[in-house]
Amino acid sequence: MSKILWINPVGTDAYDEVMQKGFESIKRPDTIVDVVSLDKGPEHLEYRYYEALVLPEILHKVKAAERAGYDATIIGCFYDLGLQESREMVKDMVVTAPGEACSHLAATMGEQFSVIVTRSKCISQMKSTLSGYGMKDKLASFKSLGLAVDELHDSEEVTFERMVALSKEAIQQDGAELMVLGCTIQFGYYEKLQKAIGVPVIDAVIAPFKQAELIAELKNQFGWTHSKVCAYEEPPISEIKRWDLEEQYELKGLW
Amino acid sequence: MSKILWINPVGTDAYDEVMQKGFESIKRPDTIVDVVSLDKGPEHLEYRYYEALVLPEILHKVKAAERAGYDATIIGCFYDLGLQESREMVKDMVVTAPGEACSHLAATMGEQFSVIVTRSKCISQMKSTLSGYGMKDKLASFKSLGLAVDELHDSEEVTFERMVALSKEAIQQDGAELMVLGCTIQFGYYEKLQKAIGVPVIDAVIAPFKQAELIAELKNQFGWTHSKVCAYEEPPISEIKRWDLEEQYELKGLW
Amino acid sequence: MSKILWINPVGTDAYDEVMQKGFESIKRPDTIVDVVSLDKGPEHLEYRYYEALVLPEILHKVKAAERAGYDATIIGCFYDLGLQESREMVKDMVVTAPGEACSHLAATMGEQFSVIVTRSKCISQMKSTLSGYGMKDKLASFKSLGLAVDELHDSEEVTFERMVALSKEAIQQDGAELMVLGCTIQFGYYEKLQKAIGVPVIDAVIAPFKQAELIAELKNQFGWTHSKVCAYEEPPISEIKRWDLEEQYELKGLW
Amino acid sequence: MSKILWINPVGTDAYDEVMQKGFESIKRPDTIVDVVSLDKGPEHLEYRYYEALVLPEILHKVKAAERAGYDATIIGCFYDLGLQESREMVKDMVVTAPGEACSHLAATMGEQFSVIVTRSKCISQMKSTLSGYGMKDKLASFKSLGLAVDELHDSEEVTFERMVALSKEAIQQDGAELMVLGCTIQFGYYEKLQKAIGVPVIDAVIAPFKQAELIAELKNQFGWTHSKVCAYEEPPISEIKRWDLEEQYELKGLW
Amino acid sequence: MSKILWINPVGTDAYDEVMQKGFESIKRPDTIVDVVSLDKGPEHLEYRYYEALVLPEILHKVKAAERAGYDATIIGCFYDLGLQESREMVKDMVVTAPGEACSHLAATMGEQFSVIVTRSKCISQMKSTLSGYGMKDKLASFKSLGLAVDELHDSEEVTFERMVALSKEAIQQDGAELMVLGCTIQFGYYEKLQKAIGVPVIDAVIAPFKQAELIAELKNQFGWTHSKVCAYEEPPISEIKRWDLEEQYELKGLW
Amino acid sequence: MSKILWINPVGTDAYDEVMQKGFESIKRPDTIVDVVSLDKGPEHLEYRYYEALVLPEILHKVKAAERAGYDATIIGCFYDLGLQESREMVKDMVVTAPGEACSHLAATMGEQFSVIVTRSKCISQMKSTLSGYGMKDKLASFKSLGLAVDELHDSEEVTFERMVALSKEAIQQDGAELMVLGCTIQFGYYEKLQKAIGVPVIDAVIAPFKQAELIAELKNQFGWTHSKVCAYEEPPISEIKRWDLEEQYELKGLW
């Protein structure tokens, strides 16, 4: 049995219900899954500033999730913001995120893959993050929809047609052998798209969720979680208390 | 429900029973697992020649597994020999192997990991294979036990003590944050070792098995399997028939 | 004339006065310099969590600095946290930080350099950041003092002796040709150290300050500032207003 | 005097005679050269499966060549399959192959070169192999003829025209300064092509043959052959005998 | 106060006066600047042969500059020829050059930049030099004007229009976020160009000059100059004297 | 028949005779070989300054060699100075040098090799040059004798013993599988050394000489020489004449 939390790291609960339903329909029988979003903040994370604004609340929600007994938490944005910080902060709850989960999976499914992003602004940041995971030579290309996050479902037909066109370009010109949807809000397209283009299409919501189920199981069964030596060494409670960080940041007994 | 085959790619069934039992004790309830070894061949794969000798039979066993309705096959050697060939040969059965499964998992559990190998002869080949997966900057070091595969369980105490010493060296000098056991015959040590050294130790038998359960599920539920476009395009049956490959290699109706 | 702001990105003003004095003694005659620290937060940033906590306030201080007419702002921590976010948020005020300024300078002063860090926990994050600047092959090694930030001036003799020993090791064994002090709180040592070891030692406070003077001049004289195309495109005010981000995060008319 | 063996690693002798004649016309006066093909197997190696099928016989032919007194053996396929295995198996006979010989030669003849391949399926495997030789930054591009191996001489005019067009593209758009023919069955075109396009064109049959003459001479005169330490350490005869590998694989006294 | 020398490393003084005037208009108040060219030699350095011809005289001029009390010397060609040699030869005068100064500056102003070169012949050499500085992943592309150095000011309208077109291509297709003018003789265009294309354009004359002012100041104030350990260790005077190098190369008391 | 010139790029003929004799004893029967040194200049090239001083004369000797009908010229220093310049200057005479010839050969003889250098000052330059040839991952290490070039034969016993010790270190600790002698003046040691350490030792005089014989043959028989497109495009005679370069540099009808 695993208890899993999906955090929509935005200040709107608009996507929570649809995702909750989605997870219920694909989860293992004995998985318990909850979806939450943030108390406040921007409604998408297309800018680094928005990421910075929501980062502390994400981390505190992750820390609270461990306290609440979750086995795994997923930070639901393809930028994977807060992933390394979370591993530092928690003891042994496992944490994952779409960029990491999708790219490690895609890397085993073809020689090279391409990532469909909302706007070209995303590319340098995602390239840097995915390269840090070792994906530099696995990336055939990034393909930009030219659509903002909140336009992805305005006309699903338009979005889908662009996805098909970009995928064909990626496969025929860039050497991609499969596609990754590089935004959680691109949900709902993968199945139709992989039928249309004839190669696998990794969904940025499903992949990290199933990965979370796996690593929660590995943790519970074999004690495998991220190492707490060196990079993910925890901040000392004594410091946090001495500096009154809980009071300063209104964390009410989190630590 | 997933049906999974583990191939011990050696000409001895010495490890089949212990592995079968091991898998029974760690599998998901609805997983069916079988373990087979080869009909002939060397008893370990420490030399490239031995790998070459067993490669065709591995591939034919993989192809037959797809025919027999398996959802996933694991080629049970850390060299991952035959992994890419298998993906080319099968239609949609998923295939994995210890090197790939362990390294992608380890890459998410720390900034760098080290791999414990039997003998230093292995290192350049494994480094090349893992680098091909994108692990070049994730590898802190390879640490050599100086033991042949068939000596790994001669004195389990000696083996264990060397593992502890090498792990400490890796963590303190090379920057490793966790360890990977780089040989399937290093089974039986991970639990005691991770207790002794205080960081996770990835087992080369368990990790690919659990990864196989995951990717079998992903294939069955979402249609995700390796891409058949470009690198893993299948050889045409017509050629195989025209050249009488089945007769020449005694494959009796495999294709 | 340039107006420059140094932000000590910690919740203590303990270092402000000494740094202000230091800058007064080394600045160009027509430079105006101010030093500020944060309103709250941890007193050092040795953990990623602490960085996350202070990040929003840093960014808002940077944004306010542009409003207040500063030509350049320096985010005074070798982790360079918030550097890219700042470039996204401001219009044309230039921004720099110690990691970037020191490494680009050091890269022109020898074939390879080593960085002295407080504790080995820092290394993977700094290596990743500096590699992102292109420094991967320029880095001979990171050398760890084994001292926390707040211990750096406990016994200046001890700190200095360790710096000398680590520098010699870096030069003789790792191929370093010069040293970089990888923490702003290592101030006060560079001069004595470069005399002792016979190679240049780049100070993490002085280097970014002088770089800030240069790039402020370049901006004022030639219009050169970071590009606002693509990666550093600004978040739209309309969104910030629509989502009430100023109210939510108590930013009182910042945007 | 050197005795050299060229192995056409396919189950057809269709190319043996033309190659034998070719070698006679370009060899050093005191070189003795023989061409053989395999006893069985596919007629080309466009699929990884075909490579796996022929690999053992190639290796046994290489081992037998050493027994028969050859100074050098060339494995005549641009995939260089079996090259590392051969170096492990033989004592001091030198071994080479087209991919290695052509790329090391081409790397000295221009800043970047392009490789003309039969079909795009080849590219990822060749790129990986050549990158392993250090050629990653030397490769301007791979250009695909869109022709199967057995179509290369169907219409030599069509093949040649495509070669010209692809070469011009490589030179004008990809930065190639010379071309490499990436398949031994592209023989017969290099001379006409280099005249047509004005840059050198390396032939995949001639280059490894002349390289073989050189390294045979170096072995005979200076004792230089591949190192037998570590990666190419030989499998122990005792194991081969104990496991009855000769009987199992019908090798009749090879070892 | 800093005394700076700009060397036009060509056998013509055609550019000296315009550059001298340019420097006077942009220098710090207390900077003294001189411009010299060579006594003989080619009038541009588009060929490696020309670079080799002028290299000794450049180095001797640099050495003499140190004798004459200059604080910094700039070798005024984007190939940066003689930069490392100069650092070896001088004691503590700082030396810089356009390629190094422009690329380290540009690397802080955007995720990727493109370089406008005269002819495509330049590209491989510049790519190699800039990659040596760590810029490999910072380079979006090189864009070639297809104009020889001495044609750059033939029709300034033509040159400018090509610059605009190439810059747009670089930004829209190659991912560049700013531009660098990759030749000192492209002076006079940066201001108009950055207005036309809306991103910063780094000038190959101004950037190294301002960098020289900075590093001269750092040397004078903090003792920071290139390391003299290892790579830039000076040739021993005793050898130079013993071999009569001054007589042989007509250096009249330089050493 | 091939006519080959070896240039000792130093201002002493001390090594000419011993090398001439050496080449006579190892050359192909129909090879004609000449050895020359420079008219003036330093007696070794341990400093970049010395390299710069002799570069023009080397290039003019190479150009003259083509005029004189040589098929190949070898620039006899492991720094490979002037190699790219020479390829630009000549029409079709082939040119090689020790660093390039030894490293491409060594790369085919083991997974990794180490280079024995005179002093550690050499390392960064050689590493950069060899990395440019694609050897970055092939280099196990550089090992420094701590002997100047002119001390290499002072006590041959001392030199030899250091070579043995460094080689053992390289093999046992650094992962080297063979050794390269990284200086032409290390001649006379390879045979004894490879006997002592049990792995091949590539000699920096023999390897480029035999490579020169090969590429001369390839040029004469197949028209293969370095590409003259792009990087090695020749300087136009018209410019050389217009600028009076022959008069200025006393080249008396060379062009």
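In this document, chain identifiers A, B, C, D, E and F correspond to the written order of the chains, with residue numbering beginning at 1 in each.
Basically, a contact is a pair of C-beta atoms (placed from the backbone, for glycine too) under 8 Å apart; a residue touches a chain by one contact, two chains touch by 3 or more.
Computed from a prediction, not measured in an experiment: that's the story for all the values here.
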Any chain that touches chain B and chain A: C, D
Reference chain C; chain at largest CA-centroid distance: D
Repeat of interface A-B, chosen from D-F, B-D or E-F - more than half of residue-number contact pairs shared: D-F
Length of the line joining the C-alpha centres of chain C and chain E, rounded to whole Å: 28
Rounded Å distance between chain C and chain D, as computed from the means of their C-alpha atoms: 54
Chain centre separation in whole Å, for chain C relative to chain B (CA means): 45
Per-residue multi-chain contacts in chain D, two or more chains: 111, 120, 123-124, 175, 230-231
Topology of the chain contact graph, where touching chains are joined (line, ring, star, complete, other): other
Pairwise chain contacts, counting only pairs that touch as defined: A-B, A-C, A-D, A-E, B-C, B-D, B-F, C-E, C-F, D-E, D-F, E-F
Touching residues (chain side chain C, partner chain A) in the complex: 11, 40-43, 46-53, 55-56, 59, 82, 84-85, 88-89, 120-121, 123-125, 128, 132, 230-231, 233-235, 239-240, 243, 245, 248-249
Residue ranges of chain C touching chain B (in the complex, touch as defined): 120, 123-124
Residues of chain E that touch chain C when the two form their complex: 26, 28, 96, 100, 104-105, 107-111, 133-138, 171, 175, 177-178, 190-191, 194, 198-200, 202-203, 206, 210-211, 213-215, 217-218, 221-232
Complex contact set, residues of chain D against chain E: 111-112, 175
